[in-house]
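Below you'll find a set of structures to go through.
Here come two complexes built around chain A, the first alongside chain B, the second alongside chain C.
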Partner chain A sequence: MPLENINPVVYQVSDDREITADEENDDVVDLIDSREIFDLIRDINDPEHPLTLEELNVLESANIQVDDKASRVTIQFTPTIPHCSMATLIGLSIQVKLLRSLPTRFKVDVKITPGTHASEQAINKQLGDKERVAAALENRHLLAVVNRCLTPAK
Partner chain B sequence: MSFRHCQKRNLRKQKVGLPCHCYVYDCIVALLLAFYIDRLKDHHAVTPHVLRGIAVLGRHQLLSGDGVATILHNLNSEVHAQSLTAGDRRHMYSLVTFFLQQRLTDIQPLGADFVCGFIQMMDGEKDPLNLMLAFQSVRIIAQNLQLGVFAEELFEVVACYFPIEYKPTPTATETVDQEELRRRLRQCLTATSKFSEYCLPLILEKLTSSVTSAKIESLHVLTAGAEVFGTEGLREFHGSLWSCIRREIFSAVNDTLNRAAECALTSMVTALSNDITEKKNLSEFEEFIGRVFEDTIRHLREPTQQMIGASTEVLLAVAQGSHYACQKVIGRVVPLLLEQFHSSQQTAQKKGALEVLLQHIKICGVTWQDRKDESPLAAYRDSIFTIFVSLLCGATVELRLLALSGLAQLVGTPNMVVDTERPLVAEHFVRTLLGDRNPTVRDEAVKALASMAALCPFVVRDTAQEMIVPHLNHEPKHEDESHDGEPLVTHEFLLKALATVSVEHVHVAVETTSTFVQHLERLLAENSTLDGALHEAEVTCQCLHQATSACVTDSSIAQNLCANLLTKCVGILVHGALVDSSGNKRLVTNSSIVELLSSVVRTIVQNLDADGAEEVMSLMVEMFIDSNLDWLNNAAATCPVKFEPLQAHIPRQSELIERLLAIATQCCHLVSSISAAKCIGGIINKMSAGRDLDTLVQTICVSVTSRMEPSSVTPEQRGQAVTLWTWCTKALVLRSHPQQTLFAEKIGWKTHSCARLPLKHFPGCSSESHDILSSAMHADIKIMYRQRFFLTTLPKLVQCFHQVDSDQKQYHLAALSSLLKFMPKQVLIAELPPLLPLLVQSLNSQQVAVWLSTLSTLSDLIAEMPDIFSRHIDDFLPRLLDLTQYRPDMTVRISALKCLAQFTTLPEHVILPQQDRVTRHLVSALDDHKRLVRKAAVDTRTK
Partner chain C sequence: MGTLTELCVLEAHHNRAWHVAWNPQGSLLASCGGDKLVKIWGEEGDTWVCKTVLEGGHQRTVRCLDWSPCGSYLASVSFDGTTAIWDRKGGEFECSATLEGHENEVKGVSWSRGGSLLATCSRDKSVWIWEVDEDQEYECASVLSSHTQDVKCVLWHPHEDVLVSTSYDNTIKMYTDDGDDWSCFTTLASHDSTVWAADLDCTGTRLVSCSDDKTLKIWQQYMPGNEYGVKTEGNNPTWKCVCTLSGFHDRPIYHVKWCHLTGLIVTACGDDCIRVFEEDKSCSDAVNQPSFHLLVTQSPAHSEDVNCVSWSPVRPGLLASCSDDGLVKLWQFTGES
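Moving on, here comes the complex of A and B:
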């Protein structure tokens, strides 16, 4: 299959999160914040390129909203080009990664940043449909592709 | 049949066993030959056996020239090679190859007949082993025999294999190297100039194909063949060959292909310029090179500089071809580049032009290396030189950087910079490193100066002494401060620059060491209490160490200089120690300075010869024992004593040890006592075995043991005692002394009453230390000492473990894990299984510290020994999963999670049954209230 975006722009990767004294104190409760969610999904690989979603600027820390008390996470991601056919797959990979890494109490919404994709509505609907996500993950081939995206390149 | 077999076997035996009686033997060889030749006409089933016989007979030295001719003739006429097996054909090939190598004069008269026969013989050959032999023969034939009308046939019979691909089947017993096979085929195709008219079209055909490997291979053939074919052969084809090569280089698809194309181009240029003595050939060369210029020069002119890289590659490849070509290229390209540099306005273009220019200068330097006459660059030398020098003062950082590397390269190119200009260049470098506003440029200037130091050390040395050293004597000027208020060039930078330059050449290093010593002395004399002063002194010591290491590589200079330097260093230390007795805090007795200076001394001592070392040793000991130095504060003097290189004899040993022991155990100055402990360690390690050593060990044992009990002494004194004990243990372990276990168990787990301290030291016991007990210091290090230590210590450790109370067990486990850490895998495989219950048991104990040390040991071991853990996974998993929920301590949870993560490296069939349970269990860890725990849980769960 020919590449859709042959020459993507690569962005600078942010540094690792610094460990604070509070985090090492066993008595302080650390709430799950947007940076923590970002750290969970920044290393997901792009399906086309040997680059991570962070390097392609598909994911940004600012586009992640977390409410730990209400157990809700909302993530908006930006496909590199408006006609990217991989957008659904990227969204699915984010869903799966969070499914595996977040406590079960969380409700995760993955959406496309408004105005960045031609078929935004359709993809949002697909990703928001719990049944369809579950069905997609029963497809062995699709699961293998998602797993490849989730395996760190290093 | 049986008669013939029997006959043949008998005869062969006879032949081998016959006495070397020429007359008789001659007859027999002739008779045997006639017999075998006759048998060739026999039934075809006999042929393989007969061939084997002929193959042996043909190698005999008494076989006449006629015999050779007869054999070859009959092989051609009577044997149908294609219907034999590969193994039988190999006998024929090897015999022919043997004849071609050894009996060439006998074959030459046969001429075209033999060639024709050989072509028939190897036609359709497929076996790679046979092809290796056949190719070898074809090369000899093509080079030495009259081919006559068969030239084309001979070429075709090998050309049909080109480009050869061979992948040995996994079951094949005898295989050939594919590269060797290709090389032999290449040699065949390019064996003689007669092949040029067939070979070059073949190459062209393959070059226009789309198979990359075929292209690369044909370019290799062209590289090999160009010189053989010469101008005459290339005449018709060089135009088309050039367009193919151009296409490959300009499309730049594949690196290997590009390199092959460049090599081919170079070798074509070489071939064409080899024959330019004739006028006709000269025009041929001019035509070719004209074409190349036409296609490349215009790219150099383009302002976009898009194809400039590829064009430069082509031009460089041409210039490498011959001196004449180099002259042509330089004459054409350099003026163009210079003009372009002057005319262009943009930095990028100027930079591009200069980079290309530098590449050409480099190639020209290489090509003209062994020539006496003037290089083609000579005409442009001055203008090039001026450009680079003027750029140094330019405004653009990039161009200044380029100017530095360019000038450095010019200095390295023969005949580009004359001797009188060298100091000038060095001066420019120094001025840049002192005065440039950009730190990157200054660093680059240091590198340039360093690279120059390797080529002309004396010039650099003098310039550096003149221009850099004075700056060290006064404070950095504050008028040329940059924005942030820091002086532009700090002493630290200058010192490091000097060190970088001096490591390049001994002559520079010799000079700088004395500069460093002077600077250090001045700093110490000033004795400023500022932090900056300490840091600068440290840097000076480090630089001194670097420069010294560079000096000692040259033994002739080293002996002299080092003795000098040694006295200075020791002088500084002792003087400092004496002054220091007043108790004020001074720079010189700062532990880091003492440590660094001792390492300088060590470097020198390591490289002294035996006599020198002995001399130094006796001086040291005298100074230490006889002089009435106040030993309580004598940190400096103890340091050098601990070196005992080359097993030099230590005078007055017992007296020395007594003193050292006193310092190590009673001195209130920490650095002194540690040094003394190290020193004792060094002596114990190197002492020859015998009663002296045993007494010494005994003495130490008695005097230190009491001090290690917490009740009798202060904590500091206990600390000193433990340090001394550690060093003694180390020394004994390294030499595999029988007492090692006693010492080790004491430090490892017996001093449990407040065992924090020993616990920290124990892991070091079974490893070498970098300064004293290392092989560079000629320490006595027995091979396999670790294994021996492990095997003798382990049983005692395990035994103790079972005897002590549960609150002591953690120390035993910690000792165990540090033991396990250093062991090679082979030893562990045998020893680990009995220890596993111990590990499980410790996970089930009630001590947090025990868990932690066990978990870290486990993490290390799992990946190393998957087999053992695969069998015991059920013993570990439940407990580990419980520990991930251990509320009171997050470190336990994290370690348990990390350890679990290690289990995922085990084989799939082991972990799959557990996967479900573990992932389900880890869900709760994902919701841990600590972020670090969650992180570890995610890492583990998604592995």
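Moving on, here comes the complex of A and C:
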């Protein structure tokens, strides 16, 4: 299949999170914040390019909202082009990564950054339908593709 | 106001528990889930225990269950695209038929009041009606393709051969047999997103639906020549949304049940809660403008999304629920009056 976006803009990745003394102290409860969520998903591979979602600016720390006390996580991702046919797969990969990483109490909503995709509403609805997501993840071929996106390149 | 008392917690499924269904006698509860199993639970002393595990019927998630009106058969449907009929011969359940035909995930199943018709619905956007003969042979009587997206739920009218379906296309449809074939006679469009489920009250003249748009809607049936001047077409009734309950639920509402014994409505929500609603008795126009109030919010009822709730058909206030946390719970509702 030909690439839809042959020359994507590659962005500078952010530095590693600085670990504070409090975070290393087991007696201090620290809540899950948006930077932690970002670190979980920034290295997901793009399905088409040998680049991460962070390098393509699909994911940005500022587009992640976390409310640990209410157990809610909302992530907006930005497809590189408004007709990207991979958008649903990218959203699914983000969802699966967090499903596998976060405590089960969390409600995770993965959506397209408003105004950045032609089929924004349809894709958001599909990603928000847990029955469709559950059925998709029982499909071995699709799961293999998702797992490839989630396997670190380096 | 009222309270829900947790009676027992059953570690039912290894992952998501999708559906629970009482047999018509109220003596058995069936559950199903992502572990591809169907489990049958029965009461022993003051607790409920797993009587039997139905294995090998499905290759993927078992999504939904329904008992035949006589209680001798249990139908289960799966993401593997099939419907299994379990025959309860002398207490042992045996898979007596597998119905194939849907292109992909089957999501809902319902037995008609007389037990001679079975409806299934699927991701393939279709609703199938199966005829059951005396020898328990199943034959497809009709394939209905009125919905434009996957069909989430089917249910039969309690007294007539009228079928209801709800869909990802945001609508509810109703079907009858016009003597020649089954066809859709009305489309109920008012929800803003997927309609996950619906249920009819004991009279069959009122419908409650629940949606991804976080609302519940109450629909009223108007017969031809009704005294309220509501227009109808031919011999078919018109269904009108007469009440919307919004602001109560924080996440998608996955299931709703209208108790035929008490008239109470219960919902299963993605915010981990179970809620019970009651109709206001002092309403000035109960037919055209009914109102409902919340009696209780069980928060949280489970540690993850609640997927299904079901009232016991024989014991008022007895309720079963199941969740993404894999548990099945039994509750007793008590109201203050």
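Quick notes on this one:
The criterion applied here is as follows: the second predicted complex is superposed on the first by the 154 of 154 C-alpha atoms of A that agree within 3 Å, B and C clash if a C-alpha of one lies under 4 Å from a C-alpha of the other, contacts with A are read in each partner's own complex, and residues count from 1 in each chain.
One rule holds for everything that comes next: contacts are C-beta pairs under 8 Å (C-beta built on N, C-alpha and C of every residue); 3 or more make two chains touch, one makes a residue touch a chain.
Everything numeric here is computed off the predicted structure, so don't read it as measured data.
Of the two partner chains placed by the overlay, neither chain B nor chain C lies in contact with A:Pro47.
Once chain A of one complex is fitted onto chain A of the other, the partner contacts of A:Glu24 are limited to chain B, with no touch recorded for chain C.
Ranked by how many residues of chain A each touches, chain B and chain C are led by B. Of the two partner chains, chain B is the only one that A:Lys97 touches; chain C does not reach it.
In the superposed pair of complexes, A:Arg105 makes contact with chain B and with chain C alike. Shared interface residues of chain A, touching chain B in one complex and chain C in the other, are 104-105. Of all residues in chain A, only 104-105, 107, 125, 128-132, 134-135, 138 touch chain C in the complex they form. Within the complex formed with chain B, the chain A residues making contact are 19, 23-24, 26, 29-30, 32, 36, 39-40, 97, 100-105, 150.
Per the touch definition, chain B reaches chain A in the complex via residues 888-890, 923, 926-927, 929-932, 934-935, 938, 941-942.
Within the complex formed with chain A, the residues of chain C that make contact are 16, 34, 60-61, 63, 79, 104-105, 107, 123, 150, 152, 168, 193-194, 212, 251-252, 270-271, 303-305, 324-325.
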